[in-house]
């Protein structure tokens, strides 16, 4: 019962959604929209589980005075702060001028923009370390990256200024993006398509059943 | 002195430095700007130190990742102080926006649709500022709106900045008569579509809650047919693609656009098909627009930052390969 | 008071920005504090957004409120609400039901029931993407690769420029050899292995090119943050 | 028929009303009136013309209305040929489509349902706002617009005869998608056939995949060093195939970790993935006979936010210094933030994703990367179960057919035969 029912649900629902693609008739034509709505409602319910888990682990740290318990306390406090304000604010919580918006603009945005911008440093250090002509594959990668990078700044065209128009670094960069890059992407995409079909089929047939867990 | 003491001293130094400059700012210090001479010296020093790094590598000393980080930080920060102007030609796509604005009669109504948020502001904010300034200089009326929640907020920041500039402040522009911010409206591309019928149905009040009909500038603006030019700043969906498909194709609006570098390639076809009068793409687009409007500002500076940081990344790729060859082509995976 | 908030605002954002940047040097108490604030604030942010936009905005507005009003009216004998218009969709109750089953995890004894909504989600995802990926990734991409080697057919003339021919050939060769690389059930030896090696060559160009292409947009993010610190906060640059 | 109205911006009350009506309609049916409001140029009336005969265009020809095929109902397609006056500089500026309900042999009042600018050789327009089982009649009106000396716009129109009554209906099969149906059945049959073959005991050869070969070694290394293993499943939620694939791989990795008695931590950023991950890891632990070693909080939630998650996981990496890190699933910009930090602490990193934009970053910063399809093959590969390996063989047959199709398609195209490649076209 605990194993069979989920397997059956997976199979029936999976096959229905495959069939849906070929049937324009109601109710099949509405299933995409329904599923999207259902999923977002389930997400909203499930985040309660996630949030409780985060709070529980943090609280255990604080109670046990484990190393870093102070930071765990900060997690709890900042979570409570924004949640209480956001829920009290009502469904217009996001309008300019609300306290929620203040927290969003002055804390959330600087934090995520900075974390995102860290990427600039990591891109540099990764290029420094990884783009080395270690072997034949790495050399190809290095050359392609180098030409595209230099083709995207004005300096690139200054260096190749002696060449006729259409044969400068920027043109080379565009050519690499348009042809060999597109070809590689396409091979990857076709492969992914086949992989997804095979994985979905295994899931629907119940051969791959990790998600339904143990019998108890 | 232990490392810990050194670190504490460093943090204290940063704090003192910040306090001094913050107090300075509050008490009215002017912004720092390098002269051309200083700028050249800084760039030369940067390049020279990169060469030194190369030399160190050749002599067998590997550079750690923190050094790379430091260089990236410096390469981005220093050009922001510089006045050095990279000479670059203004492309036709950018001129398209500039010319369209210059052709408008004084008093024409321009709609600015701000569909972006703070993460993409480095690229799009300079465009917004230059565009707003150009409109005010030409005595055009500005109507701002957004279908991204934070777009109108970004526009307010730009407005605040431009209105404070002496040249514009001298015009004594008035809210509601010379410019209006209608704020954000949820509903993605359907907002554009309904605006084709009536602006008022989508924006009952402006950003600050003033009823639509109490704003003299827009009181008689019924829909797109009362708008002379439209400029869209976009960093994704919904954005320029939707504006072209609905406002241009269906309602015949004249549209120019500013896009992030990532998005610009998808919009390019509309430019060649004539559905866009012009396109500013990424930081280089912002910089070129500033050059065209003869108002070198952040876009030009940012572009310089971007070029210098690019050169630094390329330099480190070269240094990395030198290090690899020097180390006898052994696997330097974790170098 | 307002002036104080303005100063506080600038320093708060600067404090958080520098806290994240300090991680580049090494892990430290400042980063740990910033990270804790970030985790708490962002988890709470998404909690609020999911509650108001997904649960309230979709389910409550779309079905829940109306249904409950209706039931309450029936029970109390009050006047029933007007018949539902097109904005009410009772199918949303299915989502609420699945969500409720998911929440049963909080009750250890019957927590296993949460596998049912999970099975439902995994099954529908599998079915949905099986066919969508086949159509959009396999069929569309295969068709896009089948282009004439010469941009007009043999019969209608032969005036081709070399660029177009080379371009079409490269796209074909790249896609073909790249796919050969992905074969799992055949040893990569001989001609087959050689083709797979060409495939790897194309994959590496692809990776290098997209890496190089992305560098530029990543830099602009950092420029924005440094501009905040030096400009908005310290006023050192205009 | 003649309608007079002043030019913009002053509007006559009539035009104003129709605009208001159009706006109201747009509010009610945002998606259905896509073809409304076409703006057209007007010519100027040069001589006084009270009758308007010389400006009235001829009506459009061959107006036909039919139910839209392969749809879910609620839509009728109207086609017509141009009016003889429809040419560059001709009298037709646009066409209006008029519709009336047809009840008991009596047509109702004709109202406008859309308009189309002139200048095409053939016209096709969809009225996407019909009710199934109601009969409709359609007329198409050719419209000329002129500006008179007073600056007012005058319209001269003529209508086609009404079409035969037509109703819209929904279909049970989209015949345009038969190619996808055949393709998918073919591919699935191969996969199922080889799964059966493998079940029956047939030996299948599967080549080595470097990243997968390294999994044992990577888990072993963590055991030797006495450090933990981190498994990062990306930003995708359970409605994403990459996440589902990631969960199946997590099962195999968890089995190994349980066997080696090495601590496995799975920080996640989606609550549903946390729930699923727990089931998966628990199942894996009991499969190798160590159910007591499983702790639910091995799989824990941090935050739904992309960068908040990256910041927290980065912090864990540098503090706990795991010996081995797996990245499997859907990744965005955080891929390099995580992988560079993982690299800096010297962990062995194995990544796998089907996000083409992030693959280069993983290739640059990780020791092994599973590219696209390899991610979906990984769980079968790691399990070594014959039936799962059989599905890989089935996939390969599909791949082989596509390779052949690519060659055939390209050659036929080159010789001007495009019917073959059209077999692969997909209707949205």
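Just so it is clear, A, B, C and D label the chains in written order, and each chain counts residues from 1 on its own.
Methods note: a residue touches a chain if its C-beta (ideal position, glycine included) is under 8 Å from a C-beta of that chain, and two chains touch if they have at least 3 such contacts.
The shown structure was predicted, so the numbers you read here are calculated from the model rather than taken from an experiment.
A.B. asks: Please give the intersection of the contact partners of chain A with those of chain C.
C.D. replies: Both chain A and chain C are touched by B, D, going by the contact rule given at the top.
A.B. asks: Report which interface contains more C-beta contacts, comparing A-D against A-B.
C.D. replies: A-D
A.B. asks: Per-chain C-alpha centres versus the global one: which chain is nearest?
C.D. replies: Chain nearest the centroid of all protein C-alpha atoms: C.
A.B. asks: So, comparing C-alpha centroids, which chain is the farthest one from chain D?
C.D. replies: The chain lying farthest from chain D is B.
A.B. asks: Would you mind pulling out the distance in Å between where the CA atoms of chain A average out and where those of chain D do?
C.D. replies: Computed from C-alpha means, the inter-chain centre distance equals 17 Å.
A.B. asks: Just the number, please: Cα centre separation of chain B and chain C in whole Å.
C.D. replies: Computed from C-alpha means, the inter-chain centre distance equals 25 Å.
A.B. asks: CA centre of chain C versus CA centre of chain D: separation in Å?
C.D. replies: Taking the average C-alpha coordinate of chain C and of chain D, the gap between them is 13 Å.
A.B. asks: Would you mind listing the residues of chain C that make contact with two or more other chains?
C.D. replies: Correct list: 20, 23-24, 32, 34-35, 38-39, 41-43, 45-47, 50, 102, 105, 115, 118, 121-122, 124-126, 129-131, 133-136, 138, 142, 145, 172, 175-176, 179, 182, 203, 206-208, 210-211, 214-216, 219, 221-222, 224.
A.B. asks: Mind pulling the chain A residues that touch 2 or more other chains?
C.D. replies: As it turns out, chain A has residues touching two or more other chains at 18, 21, 39, 42-43, 46-51, 54, 111-113, 115-116, 118-121, 123, 125, 127, 129, 131, 141-142, 145-146, 149, 152-153, 185, 188-192, 194, 196-197, 199-201, 203, 211-213.
A.B. asks: What positions in chain D touch 2 or more of the other chains?
C.D. replies: Residues 180, 184, 187, 238-239, 241, 244, 272, 275-276, 279, 302-305, 307-308, 311, 343, 356, 359-361, 363-364, 371-374, 377, 392, 395, 399, 402 of chain D each touch two or more of the other chains.
A.B. asks: Mind listing the chain C positions that touch chain A in their complex?
C.D. replies: On the chain C side, the touching residues are 9, 12-13, 16-17, 20-21, 23-24, 32-52, 54-59, 62, 89, 91-92, 94-96, 98-100, 102-103, 105-106, 112, 115-138, 141-142, 144-145, 166-167, 170-179, 181-182, 199-216, 218-219, 221-222, 224-225, 228.
A.B. asks: Applying the document's contact rule, which stretches of chain D touch chain A when the two form their complex?
C.D. replies: 70-73, 170-174, 177, 180-181, 184, 187-188, 191-192, 195, 237-239, 241, 244-245, 247-248, 250-251, 270-272, 274-276, 278-280, 282-284, 286, 297, 300-308, 310-311, 333, 336-337, 339-340, 343, 354, 356, 359-361, 363-365, 371-377, 379-380, 387-388, 391-392, 394-395, 398-399, 402
A.B. asks: Across the complex, what residues on chain B touch chain C?
C.D. replies: So the residues of chain B touching chain C come out as 7, 11, 14, 18, 21-22, 24-25, 29, 31-33, 66, 69, 72-73, 76-77, 80-81, 118-119, 121-123, 260-262, 282-283, 297-298, 301-302, 305-306, 309-310, 313.
A.B. asks: Flag every residue of chain A that touches chain D in the complex, lowest number first.
C.D. replies: 18, 21-26, 29, 39, 42-43, 46-51, 53-54, 57, 111-112, 115-116, 118-119, 122-123, 125-127, 129-131, 141, 185, 188-192, 194-203, 205, 207-208, 210-214
A.B. asks: Residue numbers of chain C touching chain D in their complex, please.
C.D. replies: 20, 23, 26-27, 31-32, 34-35, 38-39, 41-43, 45-47, 50, 102, 105, 114-115, 118, 121-122, 124-126, 129-131, 133-136, 138-140, 142-143, 145-150, 153-156, 172, 175-176, 179-180, 182-188, 203, 206-208, 210-211, 214
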